[in-house]
Every structure is written in C-alpha cells, then in structure tokens.
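Multiple structures are listed underneath, in structure tokens.
Consider the two complexes below, in which subunit A is the common component and subunit B and subunit C are the respective partners.
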Partner chain A sequence: MFIFILMRLPLLILGFLWATSGQAGGLLVIASPAVPDAAISVKQLADIYSLKKTFWADSTRVVPVNREISSAERDNFSDAVFNLSPEELAEYWNRLNFQGKLPPLVQTSDQAVVGFVRSVPGAIGYVSGDSAPKGVKVLLRLP
Partner chain B sequence: MQRNWFGKTIARKLLLAFFLIFIVTYLVTALVVQSAVRTSVTDSELATLSQLADLKLGTLNTKFEQLATDLRAWTKLDVMNDLASGDVDKRVENTLENLQKDYGLKGEIYAFNAAGHLVASSDRQHHMDMLPDAWKPHEKVSFVNKHVNPEDGEEVVALVAPVMAAFSTQYQLGTLVIAYPWSDVMAGLPDQTLLLYQQRAPIKSAPSNPLPDAPSDIENQATLSIMGSTLGTAISNESLFELAHLRGWIQIGKNQYLVNSASENSGLLSGWEVVMLREPEALYQTVHMVILKLALLGLILTLPLIIAIRWSASRLTAPLRQLTQFVSDINDTHDLSKRLTLHSNDEIGILATNFNDMTARLASGTQAHREAEARLRATIDNALDAVVQMNAEGIVTGWNDQATNIFGWTREEAMGHLLHEMIIPVSYRESHVRGMQHYLLSGEGPILNSRIEIRGLHRAGHEFPVELAITTIKVENEYEFSAFIRDITTKKESEALIWKQANFDKVTDLPNRHMFHDRLEQEIKKAHRAGLQMALFFIDLDRFKEINDTLGHDMGDILLMETSRRIRSCVREADTVARLGGDEFTVILSEISAANNIERLAQTILKILAEPFQLGDEVVYISASMGITLYPNDADTVEDLLKNADQAMYVAKNQGRNQCSYFTAALQDAAQERRHITHDLRGALAANQFVVYFQPILNLATGRIHKAEALLRWQHPTRGMIYPDGFILLAEETGLIHEMGDWVFKEAARWVKRWREYAGDFQVSVNVSPIQFLSDELSCETWSAHLREINLAGESMVIEITEGLLLKAAGGVTDKLLKFRDAGIQVAIDDFGTGYSSLSYLKKFDIDYLKIDKSFVDNIETDANDMALSEAIIVMAHKLGLEVIAEGIETAAQHKLLAQAGCNYGQGYLFSKPLPAEEFEALLKVPMQLMAEFVLSGVADD
Partner chain C sequence: MFKIQIETRMRPALLPLVLIQLGLIFSAVNPAEAYELGQGWHSGNYFVSGYANIEVINRFGVPSRLDLDDLSLFASGHISQWVNPFTEVELSKHTLIQQGGGAVHGDIIIERFYNDTLFSEHNTLRVGKLLAPLGDWNLVHAAPLIPIITRPYTTARGFAAYIGGISWMHDAEDGVTPDLQIYAQPDTEWFKRPTSQTIRNFRNVLGGHLNLPFGLVDKIGISLQHGEFIETGETFTLYGVNANKSFGKLRLESEAITAHFSGVVLPGSTPRLHDNESGIFGLADYTVIPQWHVILEAEYYQDHTLDRSSRNTLLAVAYKPTAAMIWKLEYIHQAGVSASMAPISTGLKAACSFLF
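Now for the complex of A and B:
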C-alpha cells in the first residue's frame, strides 16, 4: 500500500504544480522572521507541506500551517503547489498521520495564520493577497 | 461519762472509718473509670477524625486528580494551537465555554499564550490580561494550587497545565488553568475541618514572587480567616502551624479542641493536609454520662453500705459496750464481786474472761490486803516497841498501844498533833526539826535506818532513854516517817549495873582491876600527850589475911571499905584509887610535878592506914607496904608499870613492912634478869641443860641409903649452875613446869630402875609443883604408864607435894592422890610444919610420908619447943601410920635427937649433899657396912 502511494506521489505533485501555475490573484507564502531562508521554491514548499522537509537550515523545526479544508486559499494552495485537490492532500496527510507524522496544523483565517506564524518560530503558512503582513517574512509568491 | 457523737464510741469510729474508706475508694475508682473513658473516647474520636480526614483528603485528591487529567486532555486539543495565533478566531474561547458547560465545571477555565497573555477564558467577563506568576507552570507539568483568583479576588484552587505544541514537544503554546472555587472545596468538608495546603517549592522560590517558607504566607490568610470563622475565634499563624500533623489536644483561643489530621505526601495534593477539629463538649458527652452513672451508682450504694456498716460495727462493739458498762459499774460501786457474762470467743471474749479473772484476783487481793492491814495493825498495836508514824509536817499519823504505854499520851490525844511537841525533850526539839527539814530537802538523814539511843519525853514531864529506829517511805511523793521506839530505862539501868560490876569492886566501890587497867592506860596516854609525869602506887595491906581469918570476912570487908575511904581521902578527885583484889590497892597519880609530893603523899597514906581501925567491937591495927613507880622514868606500859610497882612493894614488904619503896635500877636489873632467864629457860630442856641431882635419904635406924630425893639443876651455859629457886617460879609462870616436871619424873624413874638392882626397895622422890599438880596436864595415868613401860613398880617412886596443896583441897586433888596411890606411887608432904599444918588433912588424904621442914630441924638442938613439935609430929605421924623424913640434918646431934625421937628417915648435908646420878650411884655402891658405920659414927660422935 505504501509503495503504491509513493509511486504515485510524483505524478500527483507534478499535476498539482501544473494546475496552480496558471491561476491569477495569487498567495503569499509567509514565514516566521526567525526562519533563515529568504525565499523558497515551490519545490521546497511542496517538500515542506508533504512533510518531507521538516527542518530549516538552522535546524529549527519547520511548523507548516494550513487553512481549513473548505477555504479557497487552501484550495488554491493545493492546486498551486501540488496540483491536487485539498481532499486528496488531506487523505495523504491522514495516511502520514497514521505513520506518526503530524499534518500541518490548521488556522481558520489569514489573520490567524499570520498571528500563528508570527509567534511560532519556524512556522510557515500562506495567506491571500499581495502585500506582505507585518511581522512575517514572505518567502514566495504563488499565482 | 461524757458522751459525744463524734468518734467517742468504737462503733461510730468504725462507721466513720468504713465510710471514709468507701468514699475514697469510690472516688478513686470513679476517677480512674472517668479517666479511662475519657482516654478511650479521645482515642476513638482521634481515630474517627483520622479516618474522616483521610477520607476527605482522598475525596479531594480524587477530585483534583480527575480535574487535572481532564485539564491535561484539554491541552492536547488541536484548537489549542490557536493560542499561538491569539485565538483570533475565538475557537479556543468557544472550546473552553463548551468544556465548562459540558463538564459542569464549578470554576472558570483560562487559556494563556506562550507569552503569558490571557488568550481565552470560559468567563467572558474577565479582565485578566496576563497569567499570574503563581500559575506559571513549571517543567511543563500540571499542578494544583490554591490561589486567589486575580480576576475577581475569589479564593480558588488553581489547576494549571501547560499547553505543549503537538508539532514540537519543546514548544509551549501556552497555559491552561482551571480556577476552582475554594468555597466549593470547603463545601465538601464537614464543620470544623481545616484544609491546609503547602506551597509548592518552585513557586515559593520563584525570585519574582518570593514567598515565606511556611504556611504563614499571604495565601494562607484565607485559610486562617476561614478557620477563624469556622471556629468562631481568631487563629494565629502559629496556631495554624501547630495544627499541622497534630494529634491530640490543642488550645485555640479559650477553647480546647481535639485534633487529628491526614496529609498527602505525593501526587497533586502533596503537602496538603486535612485537619479535623472536635469540640470537647461534644466529645465528652459520653464521659459525662459515665460520670453521672457512676455518681448515681455511688449514691445508691452508699445508703445500704451505711446501714450495713452501722449494723456490723454496732454488733461488733456490743460486747465492748457491755464491758465498758461493766467496768464503769465496778468503778462506781466498788463492788468487786460482780462478774461479766459475755458469750464471745473472740479477743473481746478473752478480754472479758481475763477481766473477770483480774477482778477476782483484785477482790481476793483487796480482801488479803484488808486482812494484811488488820494483821499489821494488830501486830503494831501489840508490838513491844512503840510505833509512831509522822508525816512530812511532823504531825503524828500513827500511834500504837505501846506508844501510849511509854509516853503516856493516848492514841486519840496524840493523833494530829506535832510529834516533837509531845515526845521529844525540849533540848532536842530544835535539832529534830532541823534534821527533818534537812532530810526533806536533801534526802539525807544520818539517823535514818539505824538504831540510836536518845531521850524521850513522857507526858508527865520526865525524860527517859529510848532506843529509836526511823524509816521513811515516800507515798505519793510525800515523805512519811515511821519510828520504832523502845523504852530502854531498865536496859540502861542493868547495863549500868553490869558495867559497874565489871568495872568496880563490890566491896569498896573502887574501880576494879579491869577498870584500873583502862584508867592507867588512859592516864599513860594523857601523860604522854601532856609530857607530864605520873606515879603508880601499889599498896598491899600487911597482915590483912590474919584479920580476915580471925575476925571473919565481914570484918575484912569493913576493913577494906575503910581502907579505901582513907586512901581516897588522901588523893585528889582526878587520881584513881583502885582495888586489884584481896588486900591490894593501887593509886594512879596523874600529872605530878615534883617528886617530894609523891613521897609526902605516900607517907600520908601509910600513916593514915596505920591508924587504928574500929571493926565492930574490935580495934584493929594494920599497916601497908607500898611500891612506887614512875611514868615515864621506870616504864611506859601498863604491864611494866604494874610489875614495877608490885616488885617495889615486895621490896618494901621484905624490908619490914609499913613503908614504901621506889622501883629502882636494881629492881630494873632484876626484872631484866628475869626476862633473860625466862628466855633461856625455854630452850634449856631441848638443849639438855637440865640435870637431876639426887640427895640420899637414909634410914636413921640402920644408916642405910634407902631413898633419894631428886632435885633439878640447870646447867646454864653462861651463868653456871642454877638452883630451882632461880627458875621454878619462872617455869611455873611460863607453863614450862609441866614439861620439866615430866622430864624430872622420867629421869628419876630411869635411875631408880637402875639402882633397884643394888637395892631392891630403893625409892626416889620427886617434887611436884602445885601448879603442875593442880593442872589438868598432870596425869597420873601418863606417869604410871611410863613406869609400866620401863617395867618399874609404882613403889619405886614418891611424889612430894606441899601442904598448901592439900589446903586448897580443890576438886581433883583427892582424886589425883587416890590415883597415885592406886598406881603404887607414894606421896610425901613436903615442908611439913611451915604452913598451917592442919592435921585433919593427914587423915583425909592418903599420905605416906611427912617431911619435917629444915627450919624445925635447925633448932631442935637449942629450942625445946621445936624439938617438942618435931617429936609431936613424929608421934602423931606414926599414930596415923605415916613415916617421917627429916630434912636438912646437918649435925650429928640433930641426927641423934631425931633418931631418938623415932624419926624414920633423914637427909641433909650431914650425910650427903645432892649428887649427880653417877656420883650417887658410886655412893650407893659403897658397902652397906661402911655407910652404916659412917652414919652411926656420926651419931656416936654427937
């Protein structure tokens, strides 16, 4: 079962990336100012949210923050980064959850995401909009 | 009899004692029971409190553990991630509200973010921004603490749990706190229960909020106030501190409480403690009930007990009361005949029996005492002595019949009067009173308990001698005197008479020899002390014997009386005139000064005695010879003085009488001589110094030596030959005469035995001293036994005695003479004619020979009278069947005359002087013929 999922994973990621790249309005990937990286790639972002990359360069733990499954930002984010539907991603995280890996935690608003990221070191999240909120660093803009 | 309710009777004493014992015992028991109950109630209450405290603490623990578990679960909720975002979406707040509602939680829930800001709470009304320091979790563990809610000031128990990020165990999202109301906690506890808690160490040591390391911190003020209100009294921190871990009693304010507690050592409530208090009133209801019951029981028991004790005590002491009554009766009535009947076999019974015995003895004793008293009274009344009793004041208290007899006062008159005024002569009264007072003061009385002789006073006023013995007895500390008095008038008189008889001459009333000795001794002492001279006269009347014999003893007595009167008239009162006996008088002249006084007095006495005496119708002339000796010149002892005076008197007598002679040095020498001779005489016999000489006695008719007279000679070693005249008297005085007489007899016997071989009828005559003859020591049997021993016939021996011996005719002389005759020993009368020459005794006694004294023989040639006497004697003797021996024939003429007169035998110097035995034997061997010629030639010559 695991082998099957892993075999299919690159395909999913590829499709996901594809789907989001053409989308307008965009999302800002923000992180705690303590994070050492100034910018990350989509690929790096995907690694983080697929729980493959768990530490920053300074060895602090990466704390990814998600939006609730029903939100447009998550839908956009899933599509833009993974080219997958949120439900498909949720299923993926559930499976990882069984393996003992904690899925990205959920905040239910942009303010909440910003507040969380700003206060939790190593935290990374995404919010809608173009302008960067205060107290966080923008690592990537997603279309 | 005094009666007193309290303790006077044994029954009451017993009752009181028993009752006291009961009360004490009961009280002690009650106290012990009460104490035991109290202890037991306390213990059980303490156990109850402990259990209760445990239970409550357990309940609390469970409750808080549950809450803490819930709280920890709630921190794990995903929504808690929102604490990091500040709960902008109010999800946490909603969640807390729901939880409070769902769990029915009494307190509020507070959520703080990592920075400590309050993010959400179940109470929307909160005003708290920041997490209080006290609630800050430590080491990311949950804990419980009591705290004042800073939000509203309410006292709460805070359960604190950290909210850790699910994504990182290192990351704390915030803190979740349940503030549980303290009142709710307390509401679950019973009254008078304290819940104590202890601050967790980390909090206490938190530098930001340092808290005191004791339950007295600010937080416990709540506890204090709660407890204070619960107990209704203010409680100090110290009290609180004491309460922890306390078990037992504690004083809080004015009240005492029983305290027990339970504490939690681990878990959330570690350091918490439940202290249960109990008020004593509630506690001791049980104890009070017990005491009440005991008191009631005591009361119920007391009444029958009193009755029982009263009854038994009364029963027990009934015999005692009986005894007491009995004794009182006897004491009141003095009736000792009563007897107590008491049927009891215990000690009281024995006491009663003994008491009866005692009473009986007392009764008999009293009776005996009365009888003894009566006997004593009778004895005293009939006593020969007067018995007079007197008390310490000198008043007569006893007076027997004899006292009446000798003093003249009757018993009635005497009793109650002063003794000394009645029977003590005036001159003795003062010393009597003084002596008695002295005795009463000092207890010393020299006249007590001894017999003394004093003067008594008769009622009639005359005094008389009494013998007195006084004894004292002390009766009830008072002296009593008993005097035994005897009238010794008669005794005194007879004593005086006896004394006079012993000391005075009956005839002359002069002191006798005995008295004279005493006086002389006294005078010697007196003179010795005074250094004076003293003279002793020894007066012997001349020819008194003749007067006595011729005129009779009565006349002799008159003469003696007159003599004594005359002598006394010459001397001073102080001089002693004594009669020594017979016609011997002495005069002691004391304290003389000049010798001529003595001479004058001596001459006066001689002169006055030479004056004629008128004796009845006769006028008699006598004279006196006087010896005088002086003290201390001549001698200084009674014996020597007397002897001296006696000797001097003899000198006077020898010098022709009617004169006085002084004791001289010559007399002194003679006396000395006598002493020496006496001394030598004692050893003479043993020293063989005596020799027997024999003088031949011839038959005047035939001229044959027919007999011999044994004559004793003393061959003195220094003085030469001493004749009997020189020592016989001394031998008689010293008693040596017996030994010497015996010796002479045996010596004579020895020789006569030998000489009888030449002449078969030869005889030896031995002189026997009158002293020896009269003495009991002379025994004819001894001599005759000796003769038998040497086988010699009695006829061989003749004893010569003087006629004076026969005159005395004392008892025994006749017997002795008879015994000699029976033994064949013949008897010759020596010196016949010189004495009284009574013819009667010649007839009366068995005499064999008469020896005519030399004094007759001497004169027969010249004096016709003497010749006639001699012839008469010879004739008379022959008529009476006696033979005659003439002594001292010195001339042939004498020999011739006597031979012609018919005298049988003769002895004398004409024939031979006394010869020693050997020479005599030689003479005896001369042929008879030769001797006869010699003798006859002498006759022929004349």
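Now for the complex of A and C:
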C-alpha cells in the first residue's frame, strides 16, 4: 500500500501544480458591449481605475468595477496594473472619495462582475480565467 | 437628549439637506453591490458616504474629555455633464463626556456645497463652497485619511481653508505637466462656520495651486493665496509648498507656508507683531508591521499676532485594521507658545476614525 501511494506521489504533485496554476491564471479585463473601444493598454486601464479617465470616446461615463478587497483577483489586479497592494489602492480611492469622486463599485464574484458589466453601459471590470464570458467584450488580458 | 440638542441648534435651512442625505443613506442599495466599510452607498446616479471621528483628549492642566469630533455625511450626484452636485454636512466638536461635568455642544456645519460642470474630461468648473487647494492636507483633512489626530497649524491657520465662490480645475492629460486649480471668493465664506470652529474669517480671496503627481501617492505642489482678514482688516499674500514621498515602508510628508500681512489693523482687534506669518511641518510615517504605524511629526509656526513661535513635536502609534478605519494614540509636546493657539498643547490624545 505504501509503495502504491509512493508511486503515485509524483502524479499527485503534478496534478496539484496543474490545478494551482489553473487557479492563478491571468485576468481578463471585460467591458460592456456598448463601450466603443476594442482594446485598451495597461496605462489606459490604470487611468480608468485611478479615476483620471472618466469617459469613453463616445462620452459614456466609465463605470469601473472592483472585486472585494480580500479576493485573489483584486490582489492580482492591483499588483499587475499599479504594483500596489489592495489596501494601498483603497487608501487612494478613499482620498478621492472625500474629494467627491466615485470609487469603483464592488462585486463579490466573477459572475456578479460579468452580470454587472453586461448590463451597465460604460462598465468595465476584470475576471479570472482565459475564455471570454458571453455578452461582454474583452479589452485586455493581464498576466 | 443628544437629538434634542441638535434639533434646537440646527438652522431650519440645514434640515432639508440633512434629511436628503439621511434619505439617500437608507434608500435601496444596488442589489449587485456588496458593502465594504468606507465604500459608501450608491443609488442610481447618487452616492452617499461619510466618516466619524471619536477622540479622547487628556491635555495637561485641562479636564479630560471624550468628543465626537466629527460626524460627517457627504452626498454627491452625477446627473449630467452640467449637473454634478456635492454636499458635506458635519456635526463637529460635540463633547460626549467631560471630566468634572459640563459639556460643549457641537455645531452643524455645511463644510462643502458645490456643483461641478464638466467642460471636458480634464477641465471642470466648480461653483459653491469648496475646500481651498492649499497644500495637500486641507484637501484630505478627514480624520480617517490622515495619520495623526492633531492637525498642524501650517495646514489650516494662516489662510482661507474654505472658499465660497468659483474654481477652475485642470487635470493634466499627459501625467507629466502639473494639474492646476485656480479659485476666487468674491465676498465672504458661504455658510460661514461658527466662531467656535474658526478664529479667522476671510473675504475677497484669490488663489491657485499647482500639483505635480508622481504616481498615485508622491507629489509636489505649490500654492498661492491672496485675501483680506476680516477681523483685523489686514490683507495677506501667502505662498506655500507641499511634498509627499514614499520609500517602501517609510512615507514622508511636509508642508510650508509664509504669508505677508499688510494694511492698517482695525482698532480693537489683535495687533500685528510681525509682518510675516510662517510655518513648516515634517512628518515621517513608518509601517513597522502591516497595519501598525509609528509616526513622528514636528512643526514650527510663527503667528503674526504672537510674540513667540509654536514649536511642537509629536510621537504617535496608529493601527489600521482596514483602509477605512484607523486607531490613533499620540503624545504631543508643545515647547513654544500655546495659550492663544489652544488646539495644540502638551498632552495625550487617542482617537478612532472610520469611513462609512
């Protein structure tokens, strides 16, 4: 029995690594189908989430969406786009909130983000995974 | 009893504003949205949030007390390119418990009340009562957003911190050239704050602020303000600089101002002992371990009506369990004059502040 388990240990480790790498896959930046842009750069994405870019090219208001602060997706997003922690970014948004600017809305699952982005013109968010959800457009892939 | 005091002291004109804000708070939240402390409440194009600050003050030689220092609500609407109102109403400096009895009732104050017209994504016209962009501290002075309890004189005392009038804001598109804000207050402050909240009032104020950001946190700014000091009739011209810089766990912050006062002092008002009023403070905030900060601050301030300068140093510990909440404990030592500059005197303070 012991030898049986030992022989399968490398397979279990490989399986674990595969599963883990799948969970830690990249982020898709998605937007409402009504958004005029077909793609955006990381710089433009940073401008949106730092609340410097507030309108799309067709004058629709940009509605950025965040995941909750404890989520792995928000941690990855904060690091990939700003090289900051979610807490540091939250402090930045709190300062802007005091100055009358709306911080990004919070949705607590990928499904909720997709649902919100699909239904709100001008909305933009991010979800984990590699394949594009239905009813939204993918503007950018983050590592 | 607390409610009765507020109602009897509240001016009738303020009641609708408070009711609107309370109504927005208790209106339906977008069902798809989760609430996080500090996130506020959205309802369509409207947004409500606020903050609270509770302080325990133990100054040497003065009765200790527990204050509701600030209970602030701000509401905004993003209705169209032309209509983007914002208002902040605050219950300020309400003593809850005082050693030996006695109480100081707070004041209801309209801190800000303005509308933004968006001429483009980077150019905004603001009309109403707004915070003067003089330095960085004055724009983000809410207790949960600042690391210490005691506000340096340099960030508030020598200038008009609130402007009732008009302002133009230009945000640089390229991120390289500085942001610019200019403003004018043609008369006195709108919704004037009570004398318990401010010792100085200003009129005919003009000013501008240049802000050069480096990323989201670091920045350098320069400020200019010119106006008239109502209580004494003097005119003043003020120059200021401010800087924020982070080095990993260490964040440094500093502001400095110098103002030149001129004109004849009105009879019966405080005489001018110096033509200039100047101040500078430096603050170092070190994150010892996540959520725990040690802060050291020092300030020099020479008031133009006082012979001696104020020289204070401060050591503080802050605990931030979340980005929207902060617990603070600080000891401040006042080495210079303090009698006429009551807010800063030697002693201990503790506070809990949170955004909601």
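Note that the second predicted complex is superposed on the first by the 119 of 143 C-alpha atoms of A that agree within 3 Å, B and C clash if a C-alpha of one lies under 4 Å from a C-alpha of the other, contacts with A are read in each partner's own complex, and residues count from 1 in each chain.
To be clear about the criterion, a residue touches a chain if its C-beta (ideal position, glycine included) is under 8 Å from a C-beta of that chain, and two chains touch if they have at least 3 such contacts.
A quick note: this is a predicted structure, and the numbers were derived from the prediction, not measured.
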{"item": "First, second, both or neither for A:Q44, with subunit B first and subunit C second", "value": "neither"}
{"item": "Which of subunit B and subunit C A:L102 touches, first, second, both or neither", "value": "both"}
{"item": "Which of subunit B and subunit C A:N94 touches, first, second, both or neither", "value": "second"}
{"item": "Partner chain(s) touched by A:V63 [first = subunit B, second = subunit C, both, neither]", "value": "first"}
{"item": "Which superposed partner A:L84 touches (first subunit B, second subunit C, both, neither)", "value": "second"}
{"item": "Contacts of A:Q111 with subunit B and subunit C, given as first, second, both or neither", "value": "first"}
{"item": "Touched partner set for A:K53, first subunit B, second subunit C, both or neither", "value": "second"}
{"item": "Touched subunit A residues, subunit B compared with subunit C", "value": "C"}
{"item": "Common interface residues of subunit A - those touching subunit B in one complex and subunit C in the other", "value": "61, 102, 105-108, 112, 115-116"}
{"item": "Subunit C-facing residues of subunit A, complex", "value": "50, 52-55, 61, 68-69, 82, 84, 87-92, 94-95, 97-100, 102-103, 105-108, 112, 115-116"}
{"item": "Contact footprint of subunit B on subunit A as seen in their complex", "value": "61, 63, 102, 105-109, 111-116, 119-123"}
{"item": "Subunit B to subunit A touching residues, read off their complex", "value": "78, 81-82, 84-86, 88-89, 91, 113-115, 165-168, 170-171"}
{"item": "Subunit C residues within the subunit A interface of the complex", "value": "30, 32-36, 38-40, 42, 47, 49, 51, 74, 76, 78, 86, 116, 121, 139-140, 142, 144-145, 171, 175, 216-217, 322-324, 355"}
